[in-house]
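In the two complexes below, chain A is the common chain; its partner is chain B in one and chain C in the other.
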Partner chain A sequence: MARMKFLCDAERCIECNGCVTACKNEHEVPWGIQRRRVVTINDGVVGKEKSLSVACMHCTDAPCMAVCPVDVFYRTEDGVVLHDKDACIGCGYCFYACPFGAPQFPQEGAFGQRGKMDKCTFCAGGPEADGSDAELEKYGRNRLAEGKLPLCAEMCSTKALLAGDAQTVSDIFRERVVRRGGAGAEAIGWNTAYGSGEQKREQTRGGDK
Partner chain B sequence: MNALKWMLPLMAAAALSACSEQPQVVSYEAGHYSGKPDSRPWESAAYGGDKAAWQSDMRARARKQTEIGRMPE
Partner chain C sequence: MSSRIITWLRAALLACVVGLAGAPAWAAGSAEAAVAATAADGGLIQPGNNAEAFRSARRGEHQSITFAAPADRMLIQSEGQTWRMWRNGPITQWGGWLLAAVFVALVLFRLIRGRIDLEGAPTGRLIERFNRVERTAHWTLAVTFVVLALSGLTLLFGKHVIIPLIGYDAFSWFARLAKNLHNLTGPLFFASTVVFVLMFARDNVWQAIDALWIRKAGGLLTGEHVPSWRFNFGEKTWFWIGVVILGLLVGATGLILDFPGNGQTRQDMQLAHLIHAGGAILFIALSLGHIYIGTVGMEGAMDGMKSGYVDETWAREHHEYWYRQAKDATPARPAAPPRAAASATR
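Moving on, here comes the complex of A and B:
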């Protein structure tokens, strides 16, 4: 087993927010915390609207791990980036370092000070006994220990969001790309994700030049 | 001559002070995890340490995410 990864297929995501709802419900995530969210570009532009489901990407060289002043992050043998909430000081450095905006901070107290960081755990719980109440309360459910994949991916109605071993996930995506056709970068959705260079700002801003 | 007697040791001390200069840039060393240890997923009650069974189940579960091959052409 190599590395657990997420992959979202922009050609399939329909912005139903089923993944967001599944995550919230499974882990009993408190109000104001979004471990997963759906990002849409060109919203409302016919034929150009694309959505992506984004959460912690469990980076191989995770910037959050590099900047954490108290070293609460660790990477499991199967490549999932987790952290110990008991040692987290809620400084927010990980939020600034993360390119995906994955770390979330609950507002605690009358003055809204930052609480301990919360993020997607790839449904792998955290450093508490597997399946314990403490694990559920702090990190959410541990589905990996039950032999299950993250619920966001398993719930995805169009199977846009894939999760699991990187090799298996890329095999599935490769099969789709071959069937989808196309040539070059377009076949893997590069232009959909990053633009072909012809996209202009005025297209997304409705003619604002 | 008397002034030179005082100046020479001072100049020597000033010249040698650079030798003891400490590096001004903090060298970052990769941190070590400071939190509690975590168990591995195959060490749960469901698998009892059987890593191969866990890996096999995870691979099979991941393959179920594709509809290709599930239905006849």
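Moving on, here comes the complex of A and C:
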């Protein structure tokens, strides 16, 4: 079975927000909700500016799932984290816990009361029958059931945003890193996790950069 | 000499209980300090190690978003993990065991010590202990407290305790009811706490005789009656630590959570939630003792809050100084059983 992942290549993202728009349009998300957003670091600093598109990262140890008081979250066979809006009580705990700001709530009723949580579904809908009207209404389109990948990545003009099986996505990214001479390697690999040492020397010998 | 040491030990224990309420705030502060400390020795970063980039990303430095989602203005927020660890860790686990332990302790107390009965025969003469306004304030606070406690515990422990019993769909319905009750009752609880505190603060100021109560541990285990004014040291502790400190703390943090969109950040709400949940667990643990002694634990204790009047024997045995003072202050009441008096005052 596939293990679905998003990966955004900071060397390629041009902050066009095409992914944000594609997502909003495809899923007809409620007003004020933005399932995907583009964060720019060092905006305007020459040579240091980097942009990244972020949405739900479909974590393996998902904090939203861990703190939800009514247990609405579940993980599909593809490793996609989905939730059941019918059971959501709008407490906002997933919004406190998520590192990526994925869960969002439409305001509903008095006192800033929260409605049902909405987040990126990896274009995989919800617990309703695949492709049903109820599913479309609550979660947006179920592209995965149609054999398609998330629209944000499909429509990315520079192919910075990749979505799909982790193995395929990292193969594509690894090839890019090698071809362009190392830039972007900081996102993956031994050195990022553990620092330099034997591995750093091996990497240098291998002709990388 | 040894009695003085015991007095000090009891005071220290009390200070620990109060200190616990502030613990989450302190811990969150020290976690931030730890992050700052590791970032400070950035000079030691090895070539090729990009950890510092992730650290600065998590601090949210130099980040901008063209179309900002209302919820979030930074790439990665690490505080959510701290919140998760505290909420799913100590608050759920220690909190749950604490409540269970207090409950078991009360059951054991009841089995060993039994009900605290009146020693003398009831005289049938009644003294007014709480007037109508005071009783209204108490019962408003009590009812809102019980609603909030039960709904709050449902949200904290329901996933582990109620879902296995009634199932996922039924619990979702129940939890939604609990959440809405909790959010709507909360402000009323806070308001009635403020009124209650103003109303009862004067009689809860510590008095010289309270030292005797502390030294004898209220006579709870020995069965000895320790004299006191209107409220004894046990009641005063419940008032100051329970109602005043924990009640106002839990109430105020609850308002921060209940009315989002008034400028509070997500981090503010995480901290408010930890204080709210931790404080509420302690508050509920203390309330179990109060509810026990006020209902099934002591003969005649309920009458004061039910009808407003207590029997002279009860007053003399439990609040001797207050009894002597109140006996002269209250106009003589016709001898009547408490129940008749209760209906007469309505």
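Some notes on this structure:
Just so we're on the same page, the second predicted complex is superposed on the first by the 177 of 209 C-alpha atoms of A that agree within 3 Å, B and C clash if a C-alpha of one lies under 4 Å from a C-alpha of the other, contacts with A are read in each partner's own complex, and residues count from 1 in each chain.
Throughout what follows, a contact is a pair of C-beta atoms (placed from the backbone, for glycine too) under 8 Å apart; a residue touches a chain by one contact, two chains touch by 3 or more.
Keep in mind the model is a prediction, meaning the values are calculated, not measured.
When the two complexes are overlaid on their common chain A, residue A:Leu144 makes contact with chain B while staying clear of chain C.
One of chain B and chain C touches more residues of chain A, and that partner is C.
Look at A:Lys159: by the touch rule set out above, it reaches chain B but stays clear of chain C.
Of the two partner chains placed around the shared chain by superposition, chain B is the only one that A:Val169 touches, whereas chain C remains out of contact. Of the two partner chains placed by the overlay, chain B and chain C both lie in contact with A:Asp71. In the superposition on chain A, A:Ala129 makes contact with chain B only, while chain C stays out of contact range. When both complexes are overlaid on chain A, the residue A:Ala97 reaches chain C alone and has no touch with chain B.
By the document's definition of touching, of the two partners only chain B reaches A:Arg179; chain C does not.
When both complexes are overlaid on chain A, the residue A:His83 reaches chain B alone and has no touch with chain C. Comparing the two complexes, residues 68, 70-72, 86-87 of chain A contact chain B in one case and chain C in the other. Residues of chain A that touch chain B in their complex: 1, 65, 68, 70-74, 76-78, 82-84, 86-87, 124-131, 142, 144-149, 153-154, 159, 162-165, 168-169, 172, 175-176, 179.
Contacts from chain A toward chain C in the complex involve residues 15, 17, 20, 32-34, 37-43, 45, 52, 54, 63, 66-72, 86-93, 95-101, 103-105, 107, 111-114, 186-187, 191-192, 194-197, 200, 203. Touching chain A in their complex are the following residues of chain C: 46-51, 53, 57, 62-72, 74-78, 80-81, 83-84, 87-88, 155-156, 158-159, 163, 168-169, 171-172, 175-176, 179, 183, 258-261, 266, 269-270, 273. In the complex of the two chains, the chain B residues touching chain A come out as 31-41, 43-47, 54-55, 57-59, 61-63, 65-68.
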